Amino acid sequence: MEDKLVDMRSAIAAYVQDGMTLAIEGFTAFICFAAAHEIIRQGRRGLTLARMTPDLVYDQMVAAGVAKKLIFSYLGNPGVGSLHCIRRAVEHSIPHELELEEYSHFGMVGRYIAGASQLPFYPLRSYSGTDLPRVNPAIRFIADPYEGTEIAVVPPLHPDVAILHAQRADRQGNTQAWGILGVQKEVAFASRKVIVVVEDVVDEEVIRADPNRTLIPGLVVDAVVHVPFGAHPSYVQGYYDRDNKMYQEWDDLSRDADRVQAWLQEWVYAVEDHQAYLDKLGASRLERLKPGSAPAHSIDYGVYR
Amino acid sequence: MEDKLVDMRSAIAAYVQDGMTLAIEGFTAFICFAAAHEIIRQGRRGLTLARMTPDLVYDQMVAAGVAKKLIFSYLGNPGVGSLHCIRRAVEHSIPHELELEEYSHFGMVGRYIAGASQLPFYPLRSYSGTDLPRVNPAIRFIADPYEGTEIAVVPPLHPDVAILHAQRADRQGNTQAWGILGVQKEVAFASRKVIVVVEDVVDEEVIRADPNRTLIPGLVVDAVVHVPFGAHPSYVQGYYDRDNKMYQEWDDLSRDADRVQAWLQEWVYAVEDHQAYLDKLGASRLERLKPGSAPAHSIDYGVYR
Amino acid sequence: MSGYSASELMIVCAARALRGVRSVLVGVGLPNIACNLARRTVAPDLELVYESGVLGARPARLPLSIGDPTIISGARSVMPMPDLFQYLLQGGRIEVGLLGTAQIDRFGNLNTTVIGEYAAPDVRLPGSGGACEIALHARRTIIITRLSRRTFVEKLDFRTSPGHLELDGSRPPSGVARGGPGQVITDKALFTFDPESHEMCLQALYPGLTREEVCGHVAWPLKIADELSVVEPPGENELAIIREQLDSGGMYR
Amino acid sequence: MSGYSASELMIVCAARALRGVRSVLVGVGLPNIACNLARRTVAPDLELVYESGVLGARPARLPLSIGDPTIISGARSVMPMPDLFQYLLQGGRIEVGLLGTAQIDRFGNLNTTVIGEYAAPDVRLPGSGGACEIALHARRTIIITRLSRRTFVEKLDFRTSPGHLELDGSRPPSGVARGGPGQVITDKALFTFDPESHEMCLQALYPGLTREEVCGHVAWPLKIADELSVVEPPGENELAIIREQLDSGGMYR
């Protein structure tokens, strides 16, 4: 299989174009800030950003003027509070208007599943008795052909590009992950192009030694990018902790639009790449995020001759 | 959590009653013959047997007069040939008539997913241009509410009891498996009662050391049964190979209804339990089924204090 | 050990409401502590399930969010999100769902989406997340929130998560067999719902509070139980577990 | 090395038909050997996908079934069955599906269900398995079967897997954009389908066979390509790979 390893700048330049629908997913974990910052640096505009939990990653992208629309299900800074930049865009159109297409978590999960499955719709027992279908006409109801009861449906979501972070992949894009798997697999299969960003690029023998751990097969991956700490300030299970200090600081500074622009200037525009961002953070800060060791017991697949 | 460990005889006596719908699943691997034989020994009648690939396990149960109906998608002896007992029942009503409810593989998968999800139907792009909907009225077509195109649906399947084999579980039923996972998880969630049969009962710390490997959470498990080699003559990844000799011998002997009854007498009715069956097979035969070692690389979840 | 905070009593009340329960969908913070207290007292078989897909977590520190890595390491199971929503929640495997809210009406309907108009909100709140599905699919829900007129409103600005819906309570969500909101636990009183009218009903006061004080924090004419009781204060054992094991940092003291 | 069996030529023809292909859904036996030959010759990036959910297998022995444990150990990925059918097949990720059959009609529709009446069959065959979905969702299919009048029938007893359907070929299965059967590879000749009428068409004869012999094995008046060719015999390299690496037991010799 072909070698798909490229650097982040090339991957973003090649796959992320103005006006596209982009999904940088990862539920609290595996959020690829390295990619988001590179997209900001490359000055993309008019993106539709899909993500269950926009988190700081989309708060920063919205503040940078990258986005025209959000498709989402929970707007919060997990465990901390609000996403002030997105609120500013929604409540006061700063830096500009932001269109919202809103679901519940299950609705977003269903949209990705339908996308991955090439289904025209995904049925879910949800939304009855709520105001969401009133504000989102994409949520509809159909009759169950067996019992006649009504059930909600959501349409498929097909991002143009998905950017997914994980612990490791081989150069062909066979990707293994552990921890909160969220909708990573579904997003990969739902998307037209898939960029996988990993902490470690490993020999295919590592992947082949545990095929059940492969979350995203190389068959659907277009590019592999190697960026250690690429999910900072979010986390990667077993590799580093969430940098909660940064999440808390963001809660404070992001209340002020000017301070946000200064932050973006200092931490995104003025740094060349994620390695420069990490250097600026300092090795000791990153060192403190490293967890102790909790290895899984080995399992054996057996040799069958 | 409560201790769910019981022996096979008690588990079958407690959970499998005449007339129920039963699913002993496992795609080529993990087929729990130990449970099937115990059901035959206990003389159950009128069961509806659901399974994607009925395999030898249901061929034997049908020959023993246990079943009134099959719900399935592929009637074959994998890699060998036909299932002669089931064919005899279908073609010549020996030992008696056998009702068939037939799907494709995807249709069976969808029925289990709908069952596990408490969905009233599962939509799939299948069956158009085929004769299956003509002979199975449960397969229907509905209109996609977005584009108006037609799409097939299948109804949920809710087995009364599922019996699922795996490498290991703790006494609370938290079950880990590797190899061909098939629809094991979906069947567990779709079923009213779940019996898990394992090669090893392990301490919960083994499970907790690799939570992503847990296929079936104890929350949905009713009984844990410890039967090493319980899937023989099918196989368990890393533990033993399929006993292909028995699959081939069955192809020969099962062409003759009398020889089948003699086989059932010798290998099922006349043995007390699966251990006696294994003793009769002999240790050297089992020893030859053991594979060489192919361990997975360790991974680390990290300690986060 | 004498004396306790209103938050501690909230924790105790929420824990007691979980007696004998075996599966609960929970977030972080106060409700999480309540579940852990329940496991150690009235619900030894209680399995904590997080929206992130984690079952049977054994966190080495107080988790900061439902996606904290400390709840993964040493958990019994981590399920992908489709499994959590399809098989556990919609599949009817969750006995109790715990919900917070920004607004609640007299039928236990919840708003966590906007204050003001949806298209031009005064305050944009987080939205549903999984709350809508927890409300619909948990066999019953318990709402945990502080009592205030801003929260206990006459009319929601947006209905994010259905409770008992309209006055007659006669319209169950399609195809879903569930009980809806069972209790509301606040820092001043406990509420249940009338089995007939499904209207929220003041059931018990925290020690030292009057029904008038409580009614003053609710924007509609509050229904009061025939046998209004006073909440039993935290027991020595309950307080000891909270302070020594679950909230040793004293966040809720 | 001179001389070869009809099976070996089938393997070679099937391999050649996979030139440049990157994903193929395959079973065991002859088609499996063909895929492995293709990987070593005309399709170096070919990923073998098994219905059991296995991608990139590296079997240490010839697998006996698509569920053989030897295809798991050392594979790149093993997916649960819902993922295989939902995301890989229905998701449109499979370029070529290889299918066998008990009956085939002139439009490439297949029967693997029954001979005779469904309700009272003369012979009960295995049924669809995943064949119906492979036929519907692979971007194109290649049918591999031995040529005989019992197989190449005027009318199927049961339509298990749709090919080009009816005479006018005008009815595509709902919502599925795929090409349907592209080729039929037998032990005596190769067939393609007319791009207009979608009727099966004799394209190439195995060396030494006549069109009359081939037509005698087909139950309908067979359409013959304007430029009927003769299949290129196996090359030295192709035969060497088959005999030394893929079929060292000589099962297809």
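General remarks:
Order of writing sets the chain letters: A, B, C and D. Residues in each chain are counted from 1.
One rule holds in what follows: contacts are C-beta pairs under 8 Å (C-beta built on N, C-alpha and C of every residue); 3 or more make two chains touch, one makes a residue touch a chain.
Just so it is clear, the model here is predicted, and its values are computed rather than measured.
Any chain touching chain A that also touches chain D appears here: B. Hopping across touching chains, the smallest step count from chain C to chain D is 2.
Remark: among chain pairs B-C and A-C, A-C carries the greater number of C-beta contacts.
Using the average of C-alpha coordinates as each chain's centre, C ends up farthest from chain D. Remark: chain B and chain C have CA centroids separated by 40 Å (rounded to whole angstrom).
The distance from the centre of chain A to the centre of chain B, with each centre set as the mean of the Cα atoms, comes to 37 Å. In this assembly, the C-alpha centroid of chain B lies 29 Å from the C-alpha centroid of chain D. Residue positions of chain D touching 2 or more other chains, listed in rising order: 54, 68-69, 72-74, 78-79, 86, 90, 175. The set of chain A residues that touch two or more partner chains comprises 113, 118-120, 124-125, 144, 147, 149, 151, 178-179, 181, 185-186, 209, 212, 237, 241, 291, 294, 301-305. Listed by label, the pairs of touching chains are A-B, A-C, A-D, B-C, B-D. Chain D contributes residues 28, 51-54, 63-69, 72-74, 78-82, 85-86, 89-90, 109, 113, 118-119, 121-133, 136-137, 158-162, 165, 171, 173-176 to its touches with chain B in the complex. Remark: chain B residues 1-2, 113, 116-120, 172, 174, 185-186, 189, 204, 207-209, 211-212, 214, 217-220, 301-305 touch chain C in the complex. Taken in their complex, chain B has these residues touching chain D: 27-29, 52-53, 72-76, 78-79, 82, 86-87, 90-91, 102-106, 109, 113, 124-132, 135, 141, 144, 147, 149-152, 178-186, 235, 237, 241-242, 244, 291, 294. Chain C meets chain B in the complex at residues 22-23, 45, 47, 49, 54-56, 58-61, 68-70, 72-79, 83, 86-88, 90-93, 175. Chain A makes touch with chain B in their complex at residues 118-121, 123-125, 140, 142, 144-147, 149, 151, 153, 155, 167, 178-179, 181, 206, 209-210, 212-213, 237-239, 241, 291-305.
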